[in-house]
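Chains: A, B, C and D, in written order; residue numbering restarts at 1 for each.
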């Protein structure tokens, strides 16, 4: 029997959750002994493959690109994990929600820019009206809050998932 | 300025006879001067009628201002008291017909039936409504006013008064239907030397105007009811907490209090006994939640009208922490009649545990909008079709909403149900203060649920979390549904959340806020599904977001 | 001597004196009932609805902080149903304003955060309200970020009942409710504030904080001054 | 012994303060008279500014923050001056199902004024009320204190424009 296929995805987040994943130290060897890493910003795969068993999603859904990506990920994944506060609550990316997109872009690209202020239109993906948690857009199977979730929690959760158990996320909390 | 004809003295009753002779009038015209008719220039009609009658040389007629005649839809209204002939939609310059009718009245005339709107009613709390001048104490006394109080003070003890009220089976008419006798007994037995009586006239349910009409038409009755209640519970001070939105009611109450004080029916040594009781008015200031008794007390004390958890109940610890009796206007209005006619008479009316009569305000898509009082146990069909005259434009009946924002919508299949506290609760609605709002096929029930949720979130005092936050979230979910953007998960979320708010909110406003959702889901789930699954609003009320915008 | 009542909480036999609340007796017996508006030493208001308990024979839930004990009462303080209610109510507090633990001065020193963890609240299903609310940093020593306020009104009560300044109160109603100083003026312009800092100390979240503290550095040293004040007040017969 | 406390003098010699002071005295100059006093001040001045709120609070011995809390809690009190004319649109249930929404939309369309707002020229304030109890006249509005029933949006706009 082939090993379970694991992926990680990075949407609108600071990559801190991925850092915490690496913080598992030598336990990461144990995990990838038991599973194949088939897609991740940490490794060099170009496309998200079909038939992924577990995917950890870091970051909120903030742009049209994020939205497109998470829908595709959901279609190709069995167990989707909302990984860290940005994915779970929209956290820091969500702080812009009360402000609105237009004033936000104005502040960032016009008001505070002295040289040729302009709002980028082609080179960056369009922002959604609000930055939302992943489960607002697609179905999520496991929630692991934390900013970031501790390496111990990530290990326990992956360990459970790979062993086919319902993951125990007790001890996880918003923030740290 | 030219001399005004004597007849044009507007605010006196017996406009003509008073000036000319003291004999009983041969004919009388009663002009409705309650708020609804007043807003249609009813007062001009009183003036004009007086002038015209004087010009026509009628010296034996009376033009009298009275309270609500009930059939507000046809206002302004004038009634010839001797014959029962009713003139609707009267214009100030079209009073000749009434003058002619006054001329024709013969001493042998008797009141003719006025049609089912009037004949099917049974008036207890509203017995003087449309019969007396609300600013004339003598008129009230002539129709039996203060008989009950005098009997109470001369022949009865506080125990026997409470006993009679208990035996009458009277229950709180403000909504929940708590047995009035039991409440009075609790207050009477509570520890404390100082006790208070409060009349809750903060009628806030949208679509309800019973209390307003009683206050505008028969204010002395409330004062008498309060005095009897005060005697029964050993209170010496009373407050009437009235909405500031009812200026006419407040003005008439102020007049009534002044007249009653002058005549010795309020103040020290009432009716030449040792009983003291006085009443003050407190104005509300636009907060629905102040209808809740603990919030009302906070407001009378000059604070933000926020409720507190009960117990302790106000009957034990109320105004200034003293035992306080709080009764609704209609409850107190029923008291003098019950004591005059006897508890057995009252208990003989009604059905099951719902004794006596109930005043309803008919509104919405109904022909005879107005105010009616009927025995408990009458069917909805009789109220809506026989008394109410059916639906406007002959459209199909869809639902009737009772109980205000804590109530529910009852569909056509239950039109033959008899109305009582119990039957309404069984159907997922609520008696409330008695507003009946009739809806036809032009109303979308999801939109109606959203309307009430908007009301509740706007009127939430903000104290407890489930009401402050939860009502807004229910509104957001309903808004999503009416825009055609919701999923079945959203509907499940709506139901779950509604259940939690009902259980965890602090006061009746929050606990009752989900009721319109529950009842519309119970009877009109197909309309919710139409919005969610088919993305159409069957009644054509809601604006559904086009599919291409959503994609 | 006050009467002693014996009764049960979650099946455990407990005893308390007449006049005590269910919450007080539960605390004495090591039974933890979640609460955010309750704070020993100031008057309870029963508003956060986290301490709702079931009392056998009563169809309605009761706030433990405001329910006086009676002889033989049977209280259920923990059940699956109550857990669901508490989780949802906590969720409501999170989605009402804009709580972002990651950038909060009270991160890891926050009673709301703790409550969420205790109740196993891992995400929010309810729609977010995302209101635009203000931060007032006009005071010399302290600041208030309304994004993090859950309207427990501990600040209002401690300012009134303990400090006696009544600088804080609330304004508006419903979702628009905010705590405010004097006439709704900036805190720094308040003429009644004594800068005693009690409001900051009792704030369960990062809404009220000392200036100059970095993220997660806003640990509030909870000196037990409130119960002590209560004892003094009782001794003086106040 | 309580510290002796003197009531503040009226903020100016405007006669209207006398009315407010009388109403407060009738309430015993105690905190319980707060709502009555706010009613009196709003009747006298049309709205409640901070001068009036401070004066009422100081006279009755109510902390300023509490006065402000009470004044903002009740929707009947207004802390901003109103337009020359007011139009209160009833949004009770009966009015709602008989088209109160259309009235508000019509006012916004024709006069560019939303509920709780005043037109740019200061002529008209539009307010809403939770049921005026004139359900039999639905939809109803109150224009400068006079109830108008069975309102037609076009006629109402014409009437308001003519004022």
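In this section, contacts are C-beta pairs under 8 Å (C-beta built on N, C-alpha and C of every residue); 3 or more make two chains touch, one makes a residue touch a chain.
In this text, all values refer to a predicted model and were calculated from it rather than measured experimentally.
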By label order, what chains touch chain B and chain C together?
D
With centres defined by CA atoms only, which chain is the most remote from chain D?
A
Between chain pairs B-D and C-D, which one is joined by a greater number of C-beta pairs in contact?
B-D
Quick check: how many Å separate the C-alpha centres of chain B and chain D?
24
If you average the CA atoms of chain A and of chain B, how far apart do the two points sit, in angstrom?
58
Between the Cα centroids of chain C and chain D the separation in whole angstrom comes to 34
For chain A paired with chain D, centre-to-centre distance based on mean C-alpha positions, whole Å:
51
The positions of chain B in contact with two or more other chains are 287, 304, 458-459, 461
Of all the residues in chain A, which ones touch at least 2 other chains?
none
Touching at least 2 other chains, the residues of chain C are 125, 170, 172-173
Which of the chains touch, listed as pairs?
A-C, B-C, B-D, C-D
Chain D-touching residues of chain C, taken from the complex the two chains share
160, 166-173, 180-184, 192
Show me the residue ranges of chain D that touch chain C in the complex, using the header's touch definition.
50, 53-54, 63-69, 72-73
Could you please specify the touching residues of chain C with respect to chain B in the complex?
45-49, 52, 61-63, 66-68, 84-85, 88-89, 92-93, 95-96, 125-127, 129, 150-151, 170, 172-177
Which chain B residues qualify as touching chain D in the complex?
35-36, 38-40, 72-73, 75, 203-209, 212, 244-246, 282-288, 299-305, 361-365, 369-370, 401, 404, 435, 437, 439, 442-443, 448, 451-452, 455, 458-459, 461
Okay, in this complex, where on chain D does chain B touch?
31-36, 38-39, 60, 62, 66, 69-70, 73-77, 91-94, 96-98, 129-138, 140, 146-149
